[in-house]
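Below: one structure, written as structure tokens.
A, B, C and D label the chains in the order they appear, each numbered from 1.
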Amino acid sequence: MRDAPAVDRIRAGQMAEPSTAGRFGGFGGRFVPESLVPACQEVERAFREAWADPRFRGQLDRLLAGYAGRPTALTPAWRLSGDLGITLLLKREDLAHTGSHKINNVLGQALLARRMGKTRLIAETGAGQHGVATATAAALLGMRATVFMGQRDIERQALNVFRMEMLGAEVVPVTSGSRTLKDSCNEAMRHWVGAVEDSYYCIGSVMGPHPYPWMVREFQRVIGDEARTQCATELPAAVPDYVVACVGGGSNAAGTFAGFVDTSARLIGVEAAGGAAMTDGAVGVLHGFRSRVLQDDQGQIAEAHSVAAGLDYPGIGPEHAHLGELGRATYVTVGDDEVVAAVHRLARSEGILCALESAHAVAWVIRAAESGELPPGATVLLTLSGRGDKDMSALMELA
Amino acid sequence: MTLETHLRAVREGGRTALVPYVTGGITESWTDLLAAYEAAGADAIEIGLPFSDPMLDGVTIQEASDRSLARGTTVESILSDLAGISVGIPLIAMTYANLALRDGFCARLRAAGVVALVVPDVPLDEVSDLERSAAAAGVELVLLAAPSTPPAKLPEIATRSRGFLYAISRMGTTGEAGELAESATVLADAIRNATDLPVLVGFGVSTPAHAVHAARHADGVVVASTLMRALLDGATPSEVGARVAAMRTALDTMAP
Amino acid sequence: MRDAPAVDRIRAGQMAEPSTAGRFGGFGGRFVPESLVPACQEVERAFREAWADPRFRGQLDRLLAGYAGRPTALTPAWRLSGDLGITLLLKREDLAHTGSHKINNVLGQALLARRMGKTRLIAETGAGQHGVATATAAALLGMRATVFMGQRDIERQALNVFRMEMLGAEVVPVTSGSRTLKDSCNEAMRHWVGAVEDSYYCIGSVMGPHPYPWMVREFQRVIGDEARTQCATELPAAVPDYVVACVGGGSNAAGTFAGFVDTSARLIGVEAAGGAAMTDGAVGVLHGFRSRVLQDDQGQIAEAHSVAAGLDYPGIGPEHAHLGELGRATYVTVGDDEVVAAVHRLARSEGILCALESAHAVAWVIRAAESGELPPGATVLLTLSGRGDKDMSALMELA
Amino acid sequence: MTLETHLRAVREGGRTALVPYVTGGITESWTDLLAAYEAAGADAIEIGLPFSDPMLDGVTIQEASDRSLARGTTVESILSDLAGISVGIPLIAMTYANLALRDGFCARLRAAGVVALVVPDVPLDEVSDLERSAAAAGVELVLLAAPSTPPAKLPEIATRSRGFLYAISRMGTTGEAGELAESATVLADAIRNATDLPVLVGFGVSTPAHAVHAARHADGVVVASTLMRALLDGATPSEVGARVAAMRTALDTMAP
């Protein structure tokens, strides 16, 4: 990890609105076919209006509280903290309805879609968590939902497919390319081109064309805002020394960081070693935005490989690329073995079975505390993005 | 002579521009298609530089791209294949932003004799960088308009497009179609209203009849998926060329 | 359903402490071997002290809020309400950590066990939810856990077995009798006899010898107390007309009812048609208490059969037998088919995949609203005791 | 003569009471065991009325109960089997609360010649109802004490127990054991301290040596699992009887 940047200098204005072109520094934008530009503009317009409308905010807040179970708890991980010689606080997105932070974003977008007069949600999904969240919101608001999912993921995540179908969603197998998440994104985008009239594309992370990376971060900032308030009660210094979250596309991290970007907290995003767009990627354009992307030396997109299906994404949200470039956030990687060990360790020490995605953040904290990279006594806020139920059969196979 | 001058000349000659497509590197002998297309009366040829994640392509071009990439095709290999042959009509590259925005890309195209470039995932609002490097390299950057593009935006797209203006026939991806979409002619008419830059209609132009229909509203057609489908299904270059020739004949004999 | 009882007359003092002999009317008691009497007395003494100790209450409240995610949301089921012509409010125990109300009780008992100086928890489990909750609490408090589970249930619920093991618990297969929940209760009790010194028997419902039925109800009353407060905000009349919960042993129902027993609300407990101790059982003694129990005409205990493993219990908590006898609560049954249909209907109309157990309550509300038994406009509070993730593979097989 | 009188007489005769057990209905000819036990020198016999959920029984008695129930055994069938035979020593029923608390249960026992009853899941604090119906029917209700029972409670248990006082040898279920638990003798001594009611030790009395050891502190032993294990493993009634006889011999010849 690098030294702490001169936070005061750069933090002002961080994680505010992107430029009118949807840029975070040199990243972001709206690299979509001309066919989709008006649809993206319509989403942007609608989001700006809605986000400034107290009635919309009130509606969303009511759903987040009365339906999704917010605020989620902040749990001091006493036993693990003791073992590691730090103070570790867990922001419990695993307790949110449907089992991860994905619901925060999806409720926001689904309400927005309804407000725009759309009757159908389109979504891509990898592990199925975003697909389940989308199917859930569609059921709740009486909309239709179509979820694109790679054929390989469908086979790996049969239970989530069934959950989506029970919720009334149509799950469309994607057989192109690597038949995983990135191909589902392509396919959802392709489908959207032909369905913009009545359909809203509900993107699952801080990715895609403007305004999605910004909008999804805004819908997820509830994580960071809540955690900020909760830390103020829980920590003598009010603000933790470190704020840690796993990064696939980067939505739970973005939402978390947004609550702390204006503080002295060091922000750490943890990527899967096999899908580390920040560490191993190069600047490129994928799925409508410019960011760091895993690609070969020809510019062909590489497949990401992680034990956590939700981190199997070759890109990273553009704002993360920007925060990384600025040095305001630091991006690190952990390997599958550490991650699986971290799931087990958290289970045994705190009684929490977290998602493999979330375990990336846990694994880094364990490693950094044990190596001394995290100084003894450090206070750490970690966003536990989801629960591990969906991963049990994968873990059983590994066991 | 620029592509634009060429296409204006085609128009002024009372002829409908016919631009068939091939996915570069789809077969070992893919460049044979260039000769076949030329022989069949094409006015220019669009060469797809395959990308792993072709967001605006339907199943046929996806399959063609995958097949080509699986053969080990790279931008380099396609451009060096071109170095070995000579074609008498303009070559237009078509690819996606992640390849097109790489350093030196446009210059390499130009060096290989490619005169123009179409990048479907770089819309007007994002075009500046690419516009600059294309201009610097002497490559004409063709912009696209879609049925959803507001008419008020067409003049700016037309002003900044080079070579021609690509009219996306329908709200959808590339791919064969039963009928030419109504939206194709509506869009082509709107573009003609806004500019005298040549307008070519693409996406779903699958039959001579489609081409003839489109030609009543536009200056030419781009024909892609139907040709790649035939090739993927085993047609020889000359059989694929015959399809282009059939379109040529239909266009040339079309009722005025 | 019977007519509303003269509530005012009988509600005073309802659901208070049982008699010193642990009786609710004629039910309850402590029918255990003399060997276990001192252990039960020790638990009773410790519970009385702890429950009167603000420090213990504070500790438990902190765990419930900061760890288990309480208060759980109260969700208006808008679309289903509209369809049924009633106002249906769902108390969302499915959002609690580990996925059901079981955690409320287990945290209470585990804290109590630690306070008593015990280092190990023993538990029985059927579907595995109570076992997972017990393993969770043990991990959290650094205790050992041994969970007895019928061999047949182990085969049916492999995922929950793995969850318990990941949490560090030892799962002991029970091969006696019908190899299901009731046999696990026997086996846990047998094991406890030999382990009272360092081990605490953590019972999973309002059953077992005194003080368990009372204590578990007290640990679960947080459901009803929260719901009472939430209803006061949500409903013009402050109190719902009906309060409905599913009944296996009856802990989520008891906890819910406790919050409303002193109101005019009608209390409805919904049993599985194949495990309806109130409807089909006779008075008897099982697992340490006197209550209604499914048994043949010889007094041999019958096996319960329900699509919901958590309701596969041939008895019912003694306080329910008492409330039923008084007419203060009414006990009804629903069949497996209605239950499966109710899971699907709730999923599609509200985006909530509930546990098959909880779906019993939903199924009754649907049936009663459609038959007119629930008058149009009635307000109904329903405790959704758990989430459906654990049931997905069973539902897939049924689909 | 009551069971208590009988056991007091055994004690006064300087003899250790030996009470073997059989699960009623475990085999078609289970009553042959009663004769075998009597012939082997038993002073009384405990007959288990099998219950589906025997909470205080270990695997052997569980298996014996299951086997018997699977044969269709009922309380009725056991009692009517008894009607057909005559045994010269007292019969004691052992079963669980759910059966014992059924209306008329004690009366039916008495009618079939059973004089006493042991119900392990009805402790002192819950005993009133059963005490009343047993007394009314003329059945002696035997209470139990466990190693965990506080010494202060023993006098009351002793006062209300009829027939004898059943000392549970250890904190555990029924079942064979390698050694007689230390707790057995401690408890038996404590009980003797509190009462002169005959004290019988049960649970895990598996060998003649165990019996002899127990007899130094108690007035007798109940022997169950080891006999049922032999029977389940295929021993004949006379072979099982031989085990009882071996215990008898050991007890009768034990060092004073």
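Basically, contacts are C-beta pairs under 8 Å (C-beta built on N, C-alpha and C of every residue); 3 or more make two chains touch, one makes a residue touch a chain.
This one's a predicted model, so the numbers in the text were calculated from it and none came from an experiment.
Colleague: Could you name all chains that are in contact with subunit A and with subunit B at the same time?
Modeller: Under the touch definition, subunit A and subunit B have no mutual neighbours whatsoever.
Colleague: Here's a test of the contact network: exclude subunit C and give the groups of chains still joined by touching.
Modeller: In the absence of subunit C, as far as touching goes, the chains form A, B | D.
Colleague: Taking each chain's centre as the mean position of its Cα atoms, how many Å separate subunit B from subunit C?
Modeller: Inter-chain centre distance comes to 67 Å.
Colleague: Averaged over CA atoms, how far is the centre of subunit B from the centre of subunit D? Could you give it in whole Å?
Modeller: About 97 Å, centre to centre.
Colleague: Taking each chain's centre as the mean of its CA atoms, how far is subunit A from subunit C in angstrom?
Modeller: So the centroids are 35 Å from each other.
Colleague: Multi-chain contacts only, two chains or more: what residues does subunit C have there?
Modeller: Expected reply: no residues.
Colleague: Can you list every residue of subunit B that touches 2 or more other chains, as numbers and ranges?
Modeller: none
Colleague: Looking at which chains touch which, would you call it a line, ring, star, complete or other?
Modeller: line
Colleague: All pairs of touching chains?
Modeller: Every touching chain pair, ordered by label, is A-B, A-C, C-D.
Colleague: With touch defined as at the start, can you tell me which subunit C residues reach subunit D in the complex?
Modeller: Per the stated touch rule, the residues are 21, 29-39, 176-177, 182-183, 186, 189-190, 193-194, 196, 284-288, 293, 295, 298-301.
Colleague: Which bits of subunit B are touching subunit A when the two form their complex?
Modeller: 51-59, 62, 66, 69, 74-76, 96-99, 101-102, 120-126, 143-150, 157, 168, 170-173
Colleague: Contact residues on subunit C for subunit A in the complex?
Modeller: 65-69, 72-76, 79, 92, 94-97, 99, 135-140, 142, 158-159, 162-163, 166-168, 343-344, 347-353, 389, 392-393, 395-396, 399
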